[in-house]
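The same chain A turns up in both complexes below, where it pairs with chain B and then with chain C.
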Partner chain A sequence: MRRTGPLVVAFIMGFAMIFQYFIPHPLSQKFYEIMVQQWLIIISIFLYLFGLRSFTLYHYHKVRRKKEGWYFSLIALLAALITVIIGFGTRRGPLFDKIYDYILAPLQATMFSLLAFFIASAAYRAFRARNLEATLLLVTATIVMLGRVPFGAFMWHKLPDVVEWILKYPNMAAQRGILIGVGLGMIATSMKIILGIERSYLGGE
Partner chain B sequence: MIYLFFLLPPAGVEAFDTPNDEGGSITIRWKEVEGAKVYLIYRKKDTLELIGKTYDTEFSDDEVEDGVEYVYGVRAVAGTDTSDFAFSPPAAASPQLFDTSKLNIFFAVFIYLFFIVYFVRAARGRTLFIRRIAGLDALDEAVGRATEMGRPILYVPGLSGMGDVATIAAINILKPVAKKAAEYETPIIVPNCDPIVMTVAQQVVKEAYLEAGRPDAYREDNVFFLTDSQFAYAAGVDGIMMRERPATNLFMGMFYAESLILAETGNMTGAIQIAGTDAVAQLPFFIAACDYTIIGEELYAASAYLSQDPKLVGSLKAQDLGKAILMFLLLLGSILSLCNIPLILNFFRTL
Partner chain C sequence: MWEKLLRLDRRWIFVLVALSVLIPLLRPLGLPMRTTEPVLNLYTYIDTLKPHDKAVILVTDFDPSTMPELLPMAEAIMRHCFARKIPLILYGGMYPTFVGMAKMALSRVLPDFPDVKYGEDYVFLGYIPGTSLIILSMGESISKTFGNDYYGNKLDSLPLMQRVKNYDQVALVIDLSGSGTPVWWIIYGYQRYGVRVGCGTTAVSAAQYYPYLQTGQFVGMLGGLKGAAEYETLIERAGIPPGRKTASIGMDAQSIVHLMLIFLIILGNIGYFIVRRKR
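Moving on to the complex of A and B:
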């Protein structure tokens, strides 16, 4: 029963959602709204409590056992606690917004900006002309990068058109090849789950 | 000589229930009036009222009651001139039970479903060939390396929720990896950015340890919720990589802009890295920074490849047949389009 229950739910809901996609009737839309959107919100709220419990225990254990970098965990716990207190205390007032605008957003932007440095180091490794494929990648990437900046057009006025062609045809053909495979793979995986052939997500075979 | 210009009212005004909708909408259509710039649309139930204007020759009234008959009037406008009314026959809106514009998808899905069921049944008790997938072959090597080095394995199940098929595929790969890690007594760390994924991942890892006969070695603390914020998650995982120094990093599932931040940090720590995603935009980053990359559909084939379960392998044959049919249709469609016969093109256009 522990496995049969979820399999039956997956089968019924899976097929119901397939048919729902083809039925525009308001009853079908209502079914989607209640069974998917509202239930998902209810389940998510409860599971966020599990998430909060997991977050607290993980960092608490790190602090208690003084594991390497325990002070980061202490900061994470304090930051979460202070945010919750201010959020509830001020009913998401201006102070709460300031935490978001002046602490969280700049921290996120800082992490995102690291990407520029990582792109440089990854590009250096990827573009080393070790074999024919890497050389082709290096040449194509150089053309594309030059063609996307004004200096490229200054060197040769047709370079932007060449870049456009590379992106529109060989690049797009490769991307679509991957996407067709992905699409078929997605449908097959969904069908296997609906039909109960794929059960790994339940924890067992 | 004096010329008089009269703006003629629109001809052929028709009103009909908007097809393939959930009701509450009537479409009004008419023929173009020479010289007209704008058309005014009026609705008559008890009284005649202006409901909108359009530059087109079609208008959709989405504020009607189902089952109530309405008459529509259309006037053409050109500068200061306005034509007389042209009225439509009465029309009523109603909801539809089937969206006929999706008929081709409906048939395609059920034909594909038939292929899957057929190949799954046909594959029972047989050994089917699957081409080698280097990234999946390397999973054993990666787990073994972590064991030899006495360091943990880091498994990142992507940043999407359980509603994403890529996350389900990532969870399917987690099971054999966790089982192998349990057999080798190597810790596996699974930081999550979605509490639903975390709950499923905890259950999967727990079951894997149970199957490996090592339920005592399972640590709930190792499969935890980090944060649901994208870059905070990236910072958290980077921190784990730098502090715990896992020997193996596995990135499976859906990734966004943080993919390179994660993979490059892992690269700096010297870990063996295997990534698998169907996010086309992130694939180049993973290819540049990881030792092995499982590309697109290979991610979905992983469960069948690792388990060698004939039923799952059979479904891969259905995927192959689906691809073969699409390739044939693409080729045929291209040739027919070149001959100005848009038959295949039109079939896919309605999708």
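Moving on to the complex of A and C:
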């Protein structure tokens, strides 16, 4: 029953949502409104509770068993706890905003900014014209990098047009091929889940 | 000598990157900015909307990690809407950390528009869980989906939201995002409810959205810092206060860093071929 129940729910709700999309009956519309505006949002809220539980248990066990890097887990737990207390305690007041503006924002921005340094170092060491494909990639990347900055237009006024052509035609053709493949894959996977063929989302096996 | 150069300590490269960013920021070059078609399309679409008529929903689907590229876009679009008296619904995004970005952009833009009134000219929607479901739910009723605005006011009590019930009264949704969320707006907003969608994205993600531009599913797109800088230039030309023009200043730094990267790549390849031939 533990496995059959979710499979039945997925089957019924999956087909109900497909049918309601193609049947514009008021009853179908009402069903859609209730599903989208109430049920699904409520379920999403519960997902946060599960997330919080997993986060707490994972770090708690790491700290308790003194696993490698346990002190980072302790910091994560304390940071989460303090933020929650301040958020609820001050009703999202100025102190809560300060945590965002002066702690979270600089930390995230710093982490992401470091990428520029590592990309430069990696490009110098690894971006090599070893074969035809790598050479094509290298030449295209160089043209796009130059054409996407004002200096490119300063060097040759037609360069931004060349870049726009690369993005609008060869790039778009490749992207569209990928998108069609992804779309077909999504339809196939969704049908397998609805029909109970794909069961890995239930966990266990 | 080349072998030594190929094994160059990466800290030297880090120093070069730092200098390439810092120097143009301190001494801007003022390189001219050329407008590209996707940016111009989005600008023209907003610019031709009727004042005090249908609203624009601006979604800040990004957090501080992509702030340098996307926050200037949010500010420039906000300035454009406020100057043209186009009702603006600012939606703080689909994840909790995104709301702060909307608030930050608002705090930078509002001082330049003292006549803009909250509840009449713009409304600020906070965060509620549900990610893509929120897009569907807004198509039925924005007030029912959110209930209250960011500040806790009942949405139904705000004059703007009494007029804007769902996407029928929305001219355009602009999703500024560092992830794949703009596609959600096409799937659930445009395809299901017919609301027009535009997007602003990081430079690294821009290439993946060209198929949607070609089909017209996106009205236009701001790609990376360059897209933001182009929009700043466009609003400035139209006589709208552009603020600090952070994107345009940043473009000089980006120009130099790109040049430096290309130089390093060429140098690395020359060294690679010379060393390979010797072996």
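Side notes on the structure shown:
Everything that follows uses one rule, which is that the second predicted complex is superposed on the first by the 177 of 205 C-alpha atoms of A that agree within 3 Å, B and C clash if a C-alpha of one lies under 4 Å from a C-alpha of the other, contacts with A are read in each partner's own complex, and residues count from 1 in each chain.
Convention: contacts are C-beta pairs under 8 Å (C-beta built on N, C-alpha and C of every residue); 3 or more make two chains touch, one makes a residue touch a chain.
Please read these numbers as outputs of a predicted model, since none were measured by experiment.
Using the contact criterion defined above for the overlaid structures, shared-chain residue A:179 touches chain B and also reaches chain C. Look at A:160: by the touch rule set out above, it reaches chain C but stays clear of chain B.
In the superposition on chain A, contact of A:69 is made with chain B only, not with chain C.
In the superposed pair of complexes, A:150 makes contact with chain C only, with no contact to chain B.
Look at A:100: by the touch rule set out above, it reaches chain C but stays clear of chain B. Of the two partner chains placed around the shared chain by superposition, neither chain B nor chain C is touched by A:81.
In the overlay built on the shared chain, the residue A:195 is in contact with chain B alone; chain C does not reach it.
In the overlay built on the shared chain, the residue A:33 is in contact with chain C alone; chain B does not reach it.
By the touch criterion defined above, A:139 reaches neither chain B nor chain C. Residues 40, 44, 47-48, 104, 107-108, 111-112, 119, 121, 123, 125, 175, 179 of chain A lie at the contact with chain B in one complex and at the contact with chain C in the other. For chain A in complex with chain B, the touching residues are 18, 21-26, 28-29, 40, 43-44, 47-48, 50-52, 54-55, 57-58, 61, 68-69, 72, 104, 107-108, 111-112, 114-115, 118-119, 121-123, 125-126, 175, 178-182, 184-193, 195, 197-198, 200-205.
Per the touch definition, chain B reaches chain A in the complex via residues 20-23, 95-99, 102, 105-106, 109, 112-113, 116-117, 120, 163, 165, 168-169, 171-172, 175, 192, 195-196, 198-200, 203-204, 206-208, 221, 224-232, 234-235, 239, 243-244, 257-258, 260-261, 263-265, 267, 278, 280, 283-285, 287-289, 295-297, 299-301, 303, 307, 309, 311-312, 315-316, 318-319, 322-323, 326. By the touch criterion stated above, chain A contacts chain C in their complex at residues 33, 36-37, 40-41, 44-45, 47-48, 97, 100-101, 104-109, 111-112, 116-117, 119-121, 123-125, 127-129, 138, 142, 145-146, 148-154, 160, 164, 167-168, 171-172, 175-176, 179. The residues of chain C lying in touch with chain A in their complex are 6, 8, 10, 13-14, 16-18, 21, 31-34, 36-37, 63-68, 97, 100, 103-104, 128-131, 133-134, 136-137, 140-141, 144-145, 203, 206-208, 210-211, 214, 224, 226, 251-252, 254-262, 264-265, 267-269, 272.
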